[in-house]
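Attaching a single structure in structure tokens format; questions to follow.
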Amino acid sequence: MSLKDTLIPFKAWGNLVKKPVTLKDPMREGAPRYRGFHKNDVDTCIGCGSCEAICENEAIVMVPAEGIETKDGDSGLRPLVDYGRCCWCGLCVDVCTTGSLSLSNEHTWICEDPEELKYIPGIDKKPWDEKEEGWKKPVPNYHFYGQERVSMEEMEAEERGDSFIEFVKGYSKEQAQKEADRCVECGICVATCPAHMGIPEYIKAIRNDDIEEGMRVLYETNPLPEICGRICTHKCEDVCSVGHEGDPLSIRWLKRYIADQVPSDKYKEILDTQKIYKGDKKIALIGAGPASLSAAYYLSLLGHNCTIFEKLDKAGGMMRYGIPEYRLPYDQIDKDVKYIESLGTEIIYNTNVDAAKFMELKENYDVVYVGTGLHLGRSTAIPGSDHEHVFQSIDLLREITEGKEIMVPEKVVVIGGGNVAMDITRSIARLQKIKYGKVGVITTSLEKEEVMPADREEVVEAREEGSIINPGWGPKSIEIEDGKIKGLHVVRCLSIFDETGRFNPSLDEDDKNFFEADMIVESIGQGMDISYLPEELKEKIEFGPRGRINVDDYFQTSLDWLFAGGDMIQGPDVIHGIANGHKAAIGIDNFLNKK
Amino acid sequence: MSETKNNNKFENPHYAKREVTGPDGKQFIVDPIKDYFSDERPKVYEPNSIPVVEKFLNWARAESLWVLGFGTGCGSIEIPPLMTPRFDAFRFGIQSRPTPRQSNVFIISGYLAVKTLKRVIRSYEQMPSPKYVLALGSCTINGGMYFDSYNTINRLDHYIPVDVYVAGCMPRPEALLAAFNRLKELIKEGKGEKANEYAANFDWYKENQKKIIKDWNMPDYNW
Amino acid sequence: MKQVLEKLSASFEIEDIVYQRDDLTFLSAKKENLINLITHLRDIEGFSHFVLLSCVDWIEDDKFQLTYFLNKPEEKYDLGIRCMIDRKEASMDSAHHLWKQIATYQREIKEMFGVDFPGSPGVDEPFILEGWDNIPPMRRDFDTKQYSADTFFPRERPKTNDPKEYMKEQMHPGEWGEYRKEKK
Amino acid sequence: MSLLNIETDRSKYPVKGEDGKLQIDLDSHKYVKLWQGPNHPGVTGNMALELTLAGDEIVESKTHVGYLHRGFEKLIERRLFVQGLPTSIRMCVAEPDSNEYVYSTCVEQLSGIDIPEMAKWIRALLLEMARLQALLRVVPGQGGTFALGLGVQWGVYMRELILDRFEELTGGRVYHMFMTPGGVRGLLPGGFKKRMEENLKEIDQFVINIDNLMYSNSVFKKRAIDVAVLDPSWIDKYGAVGPVARSAGYNRDVRKDYPYLIYDQLDFEPKVMNHSDIYNRSRIRWYDIQTSVDLIRQIMAKMPEKGDIKAETPNVLHWRIPKGETYVRSEASRGEYGLYMVTDGSDKPRRINLRGPSYTQAVALLQDLLVGANIADVAAIMVSLQTCPPEIER
């Protein structure tokens, strides 16, 4: 210890001449990334509740918010943040499926009443709502759940182009679990699904590798999982919250995965239907399509005896006769139908119900349910459309299924932009490939590419297989030379609906085009055929606009013993048919109990 | 009041009545609870009858906030920055004191373990009136991160009255300064009356405190 | 290190060897052998640094797992020794004479799990908790959230809504599932 | 010098009874029982020392903890793996980033995830910054225990500068929550390195100033040199780690011995000393500040500019980890900081157990080290062991 040691600490006096570091105004802004108070863009938010699920402090609760409506894809709930719980970790921001939630860099909130310290960001206005800076979801490559859909193995276009074998191979266990892992379990899809299937529950069952539980969940609301797992229009995927920033979950394929895993002889054991109670009520169902099959399934669970009358020799209706085999193999339809039959439903094939038969059914059964669907093709009614080589797609598809030889020339034009148009396009393309080794189909529609009603992947796959899809044209006339079709004249279609939203296409007559063809297929929609209804009944039944039968919430018509459902009520869609089935089952059961 | 309701399991041997030999060799009996502590209950403070005087007193109180140096939770790590050159709370009349007898502001800086709560109550009661409490962070409001912990309280206002809450986990020194400013405003407006609330609702507070401090082996009121 | 473990397994009946990392191995030892084993490791094999003593509650197997963590600073190698003891009358031989800090660990485990270490200094004194009169809190059957809700006056908050249930209420009440359940 | 050397009359000192405990009769008036804490105005946090004094010399000491007990290990048993992160880091407020690192690494290791290179560099940067800010509090704090408050004023300001950088990088001042399992939550913001370098320059100056103020100060030397000397044989016996072990001649540093993240690509040599008294234990941390500053400079120079920040992980809302257990350690400013995690195949940890340096140093070691010390040195001894109560009781 020297003199130096005594003196050297006095160097600290040197600080007297330095500039002080004290902040004159201590109220600083937070850093641009600072995790301060919550902001929420309530218009983008869909109320999926992922923020609530990830919050380790239960600081977030989902509450109904003023001015936010519950609708498809939006639960109408908004997060309420409790600053008596929050720890400002920002995990809620990172997990937010839509990216609506963020944190501002505001950090000071003083109050005397602790009850004040909770609010719904975005709804309860706060001074920091407009602040730009603050914590946002990190970008890029920072995700709390998979963004990309697990792709399903498919045959290559060359391979599948000339065969009707199912070309989508289905998920393996690993793939299914990986895909199921992406689900955030919000359950927003359930309301949008017409059948309100327990989607999060069966996805969870896949994650837990509990196929039996998954099967039970499926059959709770949908007796045709093999079919739906392949051809459902998957409206659920459109609202999937994961789809806001990444690919939506492939809910449909996951459903198929579950159904594919279970052999049909295990069904009764898993679903606990080895013994079901049977009462004495009898119900006749007309048409063995999804609506009737679904209604029959649920009615037999409720203990009623069902008999289905089918005109053709196989069950399935439009699913069998309208959808090509490469999308929905017939043995899968059989698998679902066989199980429904095994519960006591009788299907009588090759029975055409006409007016007389209908009255007989009315006498012999307690309830009659009609689910005859839309099997009458609509025509464009343009000049030349009455030619014998102008076909209805629905008729052709049926004939293909029945194994009949149909006309397959080298050049075909299909009019229509829906899924049925794609089905016939791809079926004809396959037949052409088999016959000529090349494809010559042009498909045209009124709708422009972006608004075509067909599923996107259908269009892409059709193109892969060699068909030409050329949308945005209005058919004008069919040119016929020497009794043979030469082609189709079309003009550019500008818009389909007028200002009032009515169907009224506006065409640009100067922008013309001509598609060469030897055969033309019309696929612009279908109508229903209710000629089997006796005239005296038709008078008593109420019809709504556009000729549809009026039904109540439970699909009861104005005649209390007559129920109707499926495509003829709700438009062409399998899942609606199934949904109608179980609603109608409730309605029929109620009606029978009252009687 | 001096009769503490001890259950035997947690009896504090230091507070037992016993015979002691003094340095001068004399023997005498001590009853610590009775001898060492006053058994008077806290009193409600009546403001001075002359408004100007009261106003002056409030001004003086507001401008000399002496904080008890008792960091109860994580938030205490933001106290040193507050007291050092950068934020320099001294210029606003805030300084920290080592003992409750000299302080009039108690900063509950976050979560309170049950074991600390016991010390906090003692310290709070030893502070001379008028006294104020600042509660920092989520933990004091509704449990915060530790809402499901078996050893931390959920809401402070059931045990001691709170004047000002500061949101944050943890609040920044800026927020703390803002809280002090709010406290000053409250005091100047004559609204810093929470110590009176404690005195007025003394039994309710004691009931809550004793509900969770199961080894209540101290006098009911220490000052 | 593998040779050492092989040698040990002959004399100390060790099993379940898991090579977690290049420098970390877990193994199980019997309750009777454990103190001898760690004494041997400390004195003969050079595991001079005691890292951690931990306890895991396997309530479904009715067992407590005690994990003794030893480190060999020269070779930079870690050994985690598991020891399963009965959960009913949980008791274990004390190792406080081997390293000084073990007494602290044992005191904590006694308090938090209720595992007794007879002979360990101060093992019965409360360590962290004060005035605790419930079951030891780290046991799996102690529900801390319930205890907190019952004890600490949590503030009332709005009820939370599950998006799925809420949408059902709003958009499609009274569906098949409930109807079926009623019927059953 | 000799004026101060008063020979103590040891005849009054207590002797050990048959049960091995000291026989202390408080009513005999030979001893005073003194509680230091729990309201502790120093830098350590709430902890109580129950001291028994004969005169001003300590004859028995006992550490009491539990004033900050929150039951983390219980709470994390009922949180998802991702939710455990914000909870686990609060186990130690002085240096929370080590918690983040060990927790996230345990989760990654048990689920077999490798994090991207960029994330490793940022994690190392955060860990070094955290070590630096912790040391900037505790090194001058040693002076504070001898009533040399000026260094504390400087140190806290220097720490503020680092906290500003933390705020800029991570969005949090004290609790950063930046190392989520799988990676980190962002890249360095623009201009970060430049501002960091400016701050480091100030800290370089601070290092010199604190050397002048404290380590060359004759009063400080008088109070610190040869006080509370730790026998090297006690290091293993008491499980002392980090700077305490290094001051006693044990070259133990997790960064060197078990290189994690990118520490094997950095060039540094931890300081080792051979006489562990208060002075050297504090001095070694002063060297650590310089090592840390140097490491931050190295990291900023060597780290890549761009890269992925997060590996692909399972969906965090239902992240399950198969049955297993692991122990991950890192070097905090206080020494070996480890986490033992047991998983059972569910989406929540079965058990986590934190091993903080203070667990051994502030209970068993401190209790024995204090015997024979002067009452005035207690705070200094506590700080020289860098006591941090929250990691004892968690």
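By written order: A, B, C and D. Residues from 1 in each chain.
By definition in this document, a contact is a pair of C-beta atoms (placed from the backbone, for glycine too) under 8 Å apart; a residue touches a chain by one contact, two chains touch by 3 or more.
Remember, predicted model here, so these are calculated numbers, not experimental data.
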Q: Specify the chain with the shortest distance from its C-alpha centroid to the centroid of every protein C-alpha atom present.
A: C
Q. Chain C to chain D: how many Å between their CA centres?
A. 24
(Q) So the centre of each chain is just the mean of its C-alpha atoms; given that, what is the distance between chain A and chain B in Å? (A) 61
Q) Where the CA atoms of chain A average out and where those of chain D average out, how many Å apart are those spots? A) 56
Q | Rounded Å distance between chain B and chain D, as computed from the means of their C-alpha atoms | A | 30
**Q.** Sequence positions of chain D contacting 2 or more other chains
**A.** 66, 69, 71, 74-75, 78, 86-87, 90, 157, 175
Q. So which bits of chain B are touching at least two other chains?
A. 85-86, 115, 141-143, 145, 147-152, 155, 169, 172
Q) Where in chain A do residues touch two or more other chains at once? A) 21, 30, 56, 82, 84, 87-88, 114
(Q) Going by the touch rule set out above, what shape does the chain contact graph take here: line, ring, star, complete or other? (A) complete
(Q) List the residues on chain A that touch chain B in their complex, please. (A) 20-23, 26-28, 30, 37, 56-59, 82-88, 107-114, 117
**Q.** Residues on chain A engaged by chain D in the complex (per definition of touch)
**A.** 1-2, 4-6, 8-9, 11-12, 21, 30-35, 50, 53-56, 87-91, 94-95, 103, 135, 138, 141-146, 181-185, 207
Q | Complex interface listing, chain C residues touching chain A | A | 155, 157-168, 170-172, 175-177, 179-180, 183
Q. In the complex formed with chain C, which residues of chain A make contact?
A. 47-49, 52, 61-64, 70, 75-77, 80, 82, 84, 114-115, 118, 186-188, 190-191, 196, 198, 200, 220-221, 298, 301-302, 582-583, 585-586, 589
Q. Which of the residues in chain C come into contact with chain D in the complex?
A. 18, 20-21, 23-24, 26, 48-52, 54-57, 65, 67, 69, 73, 76, 78, 80, 99-101, 103-104, 121, 126-130, 137-138, 140, 142, 144-145
